[in-house]
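One chain, chain A, appears in both complexes that follow, with chain B as partner in the first and chain C in the second.
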Partner chain A sequence: MHHDSAVGMRTAGSAASVVWPAICRFARRHEINGNVLYVLPALGVYLLFVAWPVISVVRDSFYDWDGIRPRRTFIGLGNYAELLADPIFLRSIWNNLVWGIASIAALLVLGFSMAYLLNGKLRARDAYRAALFLPVTVSGVVVAIAWGFIYHPEIGLLNSALRTVGLGKLAAVWLGDPRLALYSAIAVNVWHYTGAWVVIYLAGLQTIPNELMEAASIDGANAWQRMWRIAIPLVKPTTAALLILGAIGAVRTFEIVYILTQGGPYHASEVMALRVYNLAFMLHRAGYASALSVVLLVIAAVITVLQLRLYRGAHQGA
Partner chain B sequence: MCARFTRRQFVGMTGAVAGFALLQACAPAPTPTPVPPKPAAPAAKAPAAAAKGTVSEWGWVNWAENDKWKGLDGRPPREHFEGETGIKLEYTNYAYADYLAALKTALPAGAGPDVFEINWQVLQPYASPDIVLPLDDLAKVTWGDWKKQFIPGLIDEVDRLGRGQAYFIPIYGQLLGYLFYSLPIFEKNKLSVPKTWAEFEAVCETLKKSGAIPLAVGGKDFWQQVDWFMSLTEVAAPGKLDEVQRGNGKLTDKDIVQTMHLHKKIYTSGWFAEGALGVPTAGGSQLFHEGKAAMMLLGTHVISWSKVATLKEASLTWGTFVVPDSKGLVATAWAMSIPKAAKNRDQAWRLVQWSSAEKGQEIVAAAPEPPAHMKYKMAGVGTVFDKNIIEPLIENMARGKNRLRWMECSALIDAVGPVMQGVASNQLTPEAAMAELEKTRETRCQK
Partner chain C sequence: MSQRRSAALLSLRLVGQNVALTLVCLLFLVPVIHMISTSLKGDMESYANAGLIPWTIDVAKYATVWQQTNVPLLGFNSLVVTTATTLLVLFVGSLAAYAFSRLRFFGRGPLLVVFLAGLMLPGAAVIVPLYQMNRTLGTMNTYPALIGPYVAFGLPFAILLLRNYFDTLPREIEESARIDGASTFAVYWRILLPLTRPVLATVAIFQALAAWNEFLLALLFMTKAHVRTLPLAAVVFTSLYQTRYEHMFALLVMMTIPVVALYLVMQRHFIGGLTAGAVKF
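Up next, the complex of A and B:
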């Protein structure tokens, strides 16, 4: 044993005596200086907390594993094959798509129009801005719990208010009806984030020089034309950035759905992140959940790449 | 050396490191050869001779500090335990959902506490020598014929999941399958407690016609659906669920599929509150508490959640009965296990011992909860509530009439909630729902 360790040390020593000079020669040849060391801590953190977990998830996606016991069985692409034939998984992708399109469309329209109004001369403008931004400061969990009570079909505020003003026919089972559950959750998401989009749009609108608007007015453009022809084109980079944020947010959506509906009734409002959680932590299918996570990651990456291109295009156009 | 480090070089270097990490990560995961469990490390000792030191515990009931556990003399269990044993208790309390995630990430990694809490819904995947210490030998040394000292229904769970070994020790039980009903609403409608399922349906119909909501439920919460499922299987096919779990029959057999037909009937007949599927437990039971709903199914959870003062008040307006044609269901509400990787095993066993058979059981009884050890009796609240509700529940539990009516496989338990919703919302037929459950049972529960 002692002999073995001595040999091992000598081997390691001779390896180091070969490798280190090679690294030095490489650094000299490619003119690498010591500044690279400054990057290493960040790179280390990135590898440890981002790259390593991602790689582990990719590895786990090839196994049948319950996530608890150490035994796992290698099944190659078995989890991915199962995914393609899993109607609940396909439904969760569809739900994410609906979530993204509906949320982003509503937030774009509401965010821009409110920001445009608040950018003008308005009495108590700051109070409106603060009121609009207030929901953003509240945690998504709290928002979802509060809306859970508001949506209660028997004693909830929403149905009570509808009945009080004579619109009882519109009262509905907001979270218990599979046709409405997802849209009810989307409405909460829009309510929660409208303020943030308003603030970001306000920042974009304030970069538009007043002279432009004044000149357009003198040339006879009405308020509608000034908005369509000047404001909207000039905030295109802001819109592009918000689109990216909105799309990534849609892919990551979890807590509002989890608390409001838990993905129900029967997966009607289940989104991909919630499906991953349910599979990994409730149904004890860590391997399968990892495969779904990988697909989720790929979708997020594709969306991000596409939207970054859109963002660059918007910047160049602006 | 020069001042330039090109982007290409940076990407190359990052790629090399990532590639190395990838190779490491993609190496086949070691599949350990099962090792026969070592005899549990700690030797049984009399309390006075117990080891000093520290023990860490994870859970969700806040055994250390919660006011609920101060019923004995105003002091929390931690103080009692530390005072009697000299062992410092480091307790970490989690919200229940977070707790399951924390356990699932810590225990497989060999991290985690010396003792962890667990309940019947999630016991099964942890009942393995890969994860926790086998406790049977230790319990025999400590208590002798120990299984006879605990409630039979809870010991059935220990035996069934451990397959001859004990991987957890029950601390207190719970009874499911009990309906609470509103005395004023029943009196107003001249109704008596239904004895059969047909009578129960008639009562629901009468209540509906009177304008009351027959049944309150928080159908969004899966555990509520699970409780209903287990009760309804006992109505539709008594004992069948147990038989299927023993390998005799399938969940797609005609008699047990009737469970889902009963469930569908409850929803489509309008016996549950409108929109019950989107309402959490609190929202459902609120209808009962406000006098709008006539009945709710919550079992001893209601007792667990309530303070004695609330129970005293409730006893004036509440009654209870077992779901007709069913027997009620006894299950482990709270048990303790010792992870294989526990660092302080002597202290861990001392904590389990103290909680399950000594002062801990007195504290449980005073809470009031149904103690797992038969030497201790759940405290009453000094009203007719004791006679009408607590005593029948405990008697039923101790008699073990309702043994093994629960589902032992956690994956199956977790699959029940969504399919019950699917049937109630017409997204699944009863047959398709049971087929989905059977598929889960075959693929996830028989390994």
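Up next, the complex of A and C:
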């Protein structure tokens, strides 16, 4: 008895002396240690407010649900099937596409040309840059309310100015005309962000060595050729980054449209983010809105993959 | 001769460049000037005078709007949310970035991927579950309803930017401290963090601007007047001042002044923050 328990204790002791170092070895090999504590606070917040909502929204997209009552009915892919045949949803995708392409095109041209003009030895460069960048700091809400008044058909600045200079024929109902509303909102977006693109392009242009431009100049390249043959090819990484920035900006667009047009008239300017909001909180179709949210997430995921690939490419190149 | 001509051509180009830039900049500033000018015009003057120059200057309405819309409370709400978001992103984000750059632990690679996956998350895609979550937790109309998601949305960018910066710092800096017995946390807090100040400032500006201007989540989660942030209040009071544009614009100007003031003081960091997003990372 006495003897047995001593043996037991000895085996327990030797078991612990075998198992414990094994655990330690295992932990060390797989790097299970206290260092993970440094990531935990960030991970906790991120899991709660990003990861869990993303999982929830995917789950909710399989239900018919008003978002108010706890009752909900599983309908499988029903919401997705409805999306494919929903003209308003398809219109919102189209609007987002137009938004992205038109904004990016305008911002690329404006951003690059302004940056190119600013890239010389200009005494007032900082003042120009500050002026162009100022709108970027103003909130989208303020920008949209201010422009909503500029676009006012009777007393707005735009139509009044057009009438004053004798172009009264061009005066229009900028936000109330279904053919114009989307483009009027895009113009506001372009105004809001041009400064950011200028500044980013300027940073890209400043990495081009001066000698390169001078050498080309001595070889007889004129300003136009120097721009097309040297500057534009050399800022390609910046352009690529800006394309991605523009794409994600288009997907995220919300308040400018919400305030300027509420997506109208007749959904003519409704973008996807606004459609999600309207479906979930105005029409109380939370399940259906979740399916649209998943589409939004998939698009964002594609953009993220492009972004990270570009980023990795840039780093390997460097 | 040809030298003189090329010099003349160069100065001509410089003049052209300056004229073009001045014109574009003025055109870009028109909406801003219009906003300030409208806010200064007399009550209802905008119906007769659509121009940029006010006929009468009425500053008194600023005081009226200040009181009616309770700007101090709105500003306080915005300030609390913005400050808390920025500080949390900086602290929690830099801790994680430090671990991803310097420490070895289980799941390091996959966890980084999980964070980076959220880099481009559109907020609208998660408003349905976030709304439900606030209802369940009873956090509707509280600051955490905004601070939580703002921090979570900001972390991927902060972690990426800070980790990249930590990666560029030579390890020799901390090795001598290690030999002297500094703990892992001390290396982070006393050696790496002070060296990271410029990047921290960049992240801070970027986050502060995003939080100060955010609208969608505030619209959904802050339904009571006493918790509203400035952008949300602007929209609410737009309907109050429907036809009184001068009052409306006075509020817009008051909302914008702090950000523009901060921008003028810290231009370098503002621009750095936006450039970092596209170029450096």
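FYI, the second predicted complex is superposed on the first by the 257 of 318 C-alpha atoms of A that agree within 3 Å, B and C clash if a C-alpha of one lies under 4 Å from a C-alpha of the other, contacts with A are read in each partner's own complex, and residues count from 1 in each chain.
By definition in this document, contacts are C-beta pairs under 8 Å (C-beta built on N, C-alpha and C of every residue); 3 or more make two chains touch, one makes a residue touch a chain.
Note that the structure is a prediction, hence the values are computed from the model and not measured.
Superposition of the two complexes onto chain A shows a clash between chain B and chain C.
By the document's definition of touching, of the two partners only chain B reaches A:His267; chain C does not. Of the two partner chains, chain C is the only one that A:Pro135 touches; chain B does not reach it. After superposition on the shared chain, chain A has more residues touched by C, the comparison being chain B against chain C. By the document's definition of touching, both partners, chain B and chain C, reach A:Asn35. Within the superposed three-chain model, A:Met282 lies in touch with chain B and out of touch with chain C [touch as defined at top]. In the superposed pair of complexes, A:Ala181 makes contact with chain B only, with no contact to chain C. Of the two partner chains, neither chain B nor chain C is touched by A:Gly78. When the two complexes are overlaid on their common chain A, residue A:Trp52 makes contact with chain B and with chain C alike. Of the two partner chains placed around the shared chain by superposition, chain B and chain C are both touched by A:Leu43.
Of the two partner chains placed by the overlay, only chain B lies in contact with A:Tyr151; chain C stays clear of it. Between chain C and chain B, the overlap after aligning on chain A sits in one stretch of 79-87, 133-141, 169-177 or 259-267, namely 133-141.
According to the touch criterion, the shared surface of chain A, contacted by chain B in one complex and chain C in the other, consists of residues 30-33, 35-36, 39, 43, 51-52, 56, 67, 149, 155, 280-281. The residues of chain B lying in touch with chain A in their complex are 1-6, 9-10, 13-14, 17-18, 21-22, 25-26, 28-32, 100-101, 104, 107-108, 125-126, 128, 130-131, 213, 219-222, 273-280, 283, 286-287, 290, 292, 410-411, 414-415, 417-419, 421-422, 424-425, 427-428, 440, 444.
Contact residues of chain A toward chain B in the complex are 27-28, 30-36, 39, 43, 47, 51-52, 55-56, 58-59, 63, 66-72, 74, 148-149, 151-155, 173-178, 181, 261-268, 278, 280-285. By the touch criterion given at the top, residues 30-33, 35-36, 38-39, 41-43, 45-46, 48-54, 56-57, 60, 67, 114, 117-118, 120, 122, 124, 127-143, 145-147, 149-150, 155-157, 160-161, 191, 194-196, 199-200, 203-204, 223, 237-238, 241-242, 245, 248, 251-252, 254-255, 258-259, 272-274, 276-277, 280-281, 286, 289-290, 293-294, 296-297, 300-301, 303-304, 307-308, 311 of chain A touch chain C in their complex.
On the side of chain C, the complex with chain A involves touching residues 13-14, 17-18, 20-22, 24-25, 28-32, 34-35, 38, 46-47, 50-52, 88, 92-93, 95-96, 98-100, 103-108, 111, 114-133, 148-149, 151-153, 155-156, 159, 184, 188, 209, 212-213, 215-216, 220, 230-232, 234-235, 238, 245, 248-249, 252, 255-256, 259-260, 263-264, 267, 270-271, 274-275, 277-279, 281.
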